[in-house]
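Got a structure for you, written out below as structure tokens; questions coming shortly.
Read from first to last, the chains carry the letters A, B and C; within each, the first residue is number 1.
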Amino acid sequence: MNAPRLSKQVISLVLVAPLLLFLVVFFAFPLVTMMKSAVSDPVAARALPATARAVAGWDRVSPPTEAMKTAFVADIRQINDDQLFGDLVRRLNSAKSGFRTLMTKTRAAASNAAGTIDLIALDKRWADPSYWQAVSVAASSSITDRNLLAAVDLQRDASGAITALAADASANKTIMLRTFVMALTVTVACVLIGLPFAMIAASLDGWKRQLLLGAVLLPLWTSLLVRTAAWFILLQDTGLINSALMQLGLTSGPVPLIFNRTGVIIAMTHVLLPFMVLPIFSVLIGIPKNLMPAAASLGAHPVRAFWAVLLPLSLRGVVSGSLLVFMSALGYYITPALIGGAKDQMISSVIAYYATGAANWGMAGALGLVLLSATLILYAVYLRLSSEREARA
Amino acid sequence: MSNPFIRLEEVSKSFGLLTVVEGLNLEIGKGEFISLLGPSGSGKTTILMMLAGFENPTSGAIWAGGKRIDSLPPHRRNMGVVFQNYALFPHMTVSENVAFPLKMRGLPRALIKERVEKALDMVQLGSLAERRPSQLSGGQQQRVALARALIFEPEVVLMDEPLGALDKQLREQMQLDIRDLHRRLELTIVFVTHDQSEALTMSDRIAIFNRGKIEQIGKPSDIYDHPSTQFVAEFIGETNLVRGCVQTIEGGTARVQLPGGQVVFVAAATDLRPNGSVCLSIRPERIKVGRREAAGNNITAAIFDVVYHGDHLRLLARSDGQGLVVKTDRSQPTLSIGEEVQLSFLPSDCWVVRP
Amino acid sequence: MNVLRFSKLVFGSATVFFLIAPLIAILPLAFTDSVFLNYPIPGYSTRWFEELFTAGVWQRSIINSLIIGCGTTVLATVLGTVGALGLRDRQLSLALATIKTIFLLPMVVPAVVLGVGMQLMFARYGLTNTYLGVIIAHTVVAVPFVVVNVLAVLQGIDRRLEQAAASLGAAPVTVLKQVTLPLALPGIVSGAVFAFATSLDEVVLTLFVAGPNQRTLARQMFSTIRENISPAIAAAAFVFIVGTVLIAVVLNFSRGTKQANG
């Protein structure tokens, strides 16, 4: 007899099905593809099948065996596809530099002469077990944690233990730290401006409140690109701000505002400020108007009343707003890319560089995974907080 | 009922673990005006929703006009529903609202126009046909809702607290209007309300609901004069509940001793047994101040408050530790607080109620 | 108290200035006759608007933006509205509540991360460098706005209106067509506007998924700022800002009249 209720649920599921399917295929699947690219490493295993079998019994310390060398040369001879060879070289070179010349030399020798080739005579690097380790690691598995480790500046050493990367070898930690600091700076700036602003807006009514809210909403509705372009134009050395400063005689030459941290922080604060103001404002207008007079009637000085009543109540809006701003700031790309200098690029820019510039999908995927996880964790906290508030309301 | 038009048979409805209606049996005759009365959460609105088809019973069967309807979707039940908030379509004009059911039934346009005009004239809204619902007053919206629910000549009209949002004066006017429509059009009306005076004024029969069950069903006067349970006695009108112990029963009249030792006689006490405890309902307006031998029951009480109500006085008294309310007219000689008085009432005014 | 009021006034005005001034400051530059984006403006002309609407790359990018924007609007509005209809119950089952979270997730996931994934996946199925691919990518990020807007309106609709329609003889599909959708129209319209605006403004996914033939206005602005800034940017920004204000006014107005009508 529960049929009607069940059918209501079924109707709902039928209605959400098209969009769900669409998002699974074009939203979830791309993200999964990206994550897979972070851990997938199929090139060497595909290019060097015989070597993979030959290194299976090797202890990774002793000198390379003859079987390994023979298998390796056979595999090299098998590769007809220049693309595959190029990918292989890139893969091996990323594990140990020197492979680029070594592989080119070896392939030339292997294709010029038939029969066995003395690899060590060809290049004495082939006697070094560390090159064979790189080959062995790459060939024996098509999944890898190399990119994930590299994303946080770690690597596996010869014995397979995880160690820190040399300080000059990678800068990912620096970039993550920078991303974190910049996002935090923007969040703090947004709180410092947004909290008082929201309080002022909530304390006003009529056209004054409309004006303040409109000032928040207009930028929110305006294209991000337009806002960034506006700041680009204003912040240039010959821009309005610098010419105003020079006219006023406050500075003799242009103050560098663009292609540096200051410019990025200013522009990002402008872009993200509405996400701080609106949650605080919506909490504040939910507070009964007579609360402050009530506190005053109980003998609290206005300043006391503010600290003891209004501020704690608005804190929840501040937390929601901060999470929103911080979360959005972490993944920012356009503003730092256009207004920042080389030293102001955040993690998104690095991901974009790996993906479009270096075609290193493994690293792009691994850093993407880091950013995605950070964002989703923050979002989960945000959802948790807002559902708690709903439950309480 | 020999030939009921609507029949509910062992109908139950639960939402999850919560049972809202439990094993309900109810028969409604053609042309009857029945009110479902009860506090909120008593299940009366759920029954209306099940009659209309917005909810399906968890178990049991509903019949209308000889057909079983409980699995029929709402749009095939041919029942007019008037909602508490009127539920007028805000994006349509008054005449579009009223024309809606006829359009759904595929009537020719000219006929629709004619009948809409007639229906709006019936509720005196002909001049407002092209207005939007939001431009009407509450009472006008209510009349549009009525016209819309009646225009397709439904077999049954279901009303869910339709007058709840109106002010007192308008509500009383609408009560008369609806009663008049009921009589003129010979409608079958199921009327849900929590307002007992509304139910008493309008209905042929009242079903009193409590916790998903019918507590008592009958004519308004039966229910008022002869409430079967304590709940009904208290829910309909005002009453004094007096506890006592049955001593003897002679010729249908019981002698009941109150806790303080005073004795009252109770008529029509057929199913009482000696030495049983009993709960009596005595309506405040049935109690008179002053000793009357002819009345049969005379008890002593102390007045502790006199409240002026314009058309009557209410005396709050205490007798043998039990509080009593007495409604009396203003011609009563002045009574002062603390005074001892005699209260009299007939044995037939004492009505035994089940707890 | 006066000090407080004064500081409120100063702080409020300063922040309003900070929020609005950059957008206003860029407007006059659209009419400069110089090739530099500087104040003072030496002379006024409409040459950059002419450039915007006649120069090959700009014209092409405007047309692309319109094609992709319209495609995204239609796809996102249809998918989002139907999806929202399935989520309108206030008490959602766990499965539906999870689905609702999934529907809103594209708003949260960083665009670059999504872009990398889309480029990898779209390349595999031949969707990169196609209009369809860009429309799909834009729809993914635009659809949450439609869901949010339509859902807000749907949840405001009194269920009794639909019950009334059913009791008056309307079959479920008729109820949807005659009552639910007309009442949800304001939400659907604002959802569609948001979807179009999202598509118009989208840069990052476009960078990853689109080819040179699908270069949109936003993408063109991005590379113009990056490579060779010209006042055409100010002209494009002018069009954007005026368009935004117009849309805001229209939406506000339609909401206002809606309220007057109930």
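FYI, a contact is a pair of C-beta atoms (placed from the backbone, for glycine too) under 8 Å apart; a residue touches a chain by one contact, two chains touch by 3 or more.
This structure is a prediction, so every number in the text was calculated from the model and none was measured.
Across the structure, the highest number of inter-chain C-beta contacts is found for A-C.
Relative to the C-alpha centre of subunit A, the farthest chain centre belongs to B. Of all chains shown, C has the CA centroid lying nearest to the centroid of every protein CA atom.
Taking each chain's centre as the average of its CA atoms, subunit A and subunit B sit 67 Å apart.
Each chain gets a centre from the mean of its Cα atoms; for subunit A and subunit C, those two points are 24 Å apart.
Subunit B and subunit C, compared by their mean Cα positions, are separated by 55 Å. Those residues of subunit A that touch subunit C in the complex are listed here as 9, 11-20, 22-23, 26-35, 37, 193, 196-197, 200-201, 203, 211-212, 215-219, 221-234, 236, 238-240, 243, 270, 273, 302, 327, 330-331, 333-334, 337-338, 348-349, 351-352, 355-356, 361, 364-365, 368, 371-372, 375-376, 379, 383. Those residues of subunit B that touch subunit C in the complex are listed here as 52-54, 73-75, 77-81, 83, 85, 87-91, 100-101, 104-105, 132-135, 148-149, 152, 158. Residues 158, 160-161, 163-172, 174-175, 178-179, 182-183, 260-262 of subunit C are the ones touching subunit B in the complex. Against subunit A, in their complex, subunit C makes its touches with residues 4, 8, 11-12, 15-16, 18-20, 22-23, 25-26, 29, 36-39, 79-80, 82-83, 85-87, 89, 93, 95-96, 99, 101-103, 105-106, 108-122, 124, 136-137, 139-140, 143, 147, 197, 200-201, 203-204, 207-208, 218, 221-222, 225-226, 229, 233-234, 236-237, 240-241, 244-245, 247-248.
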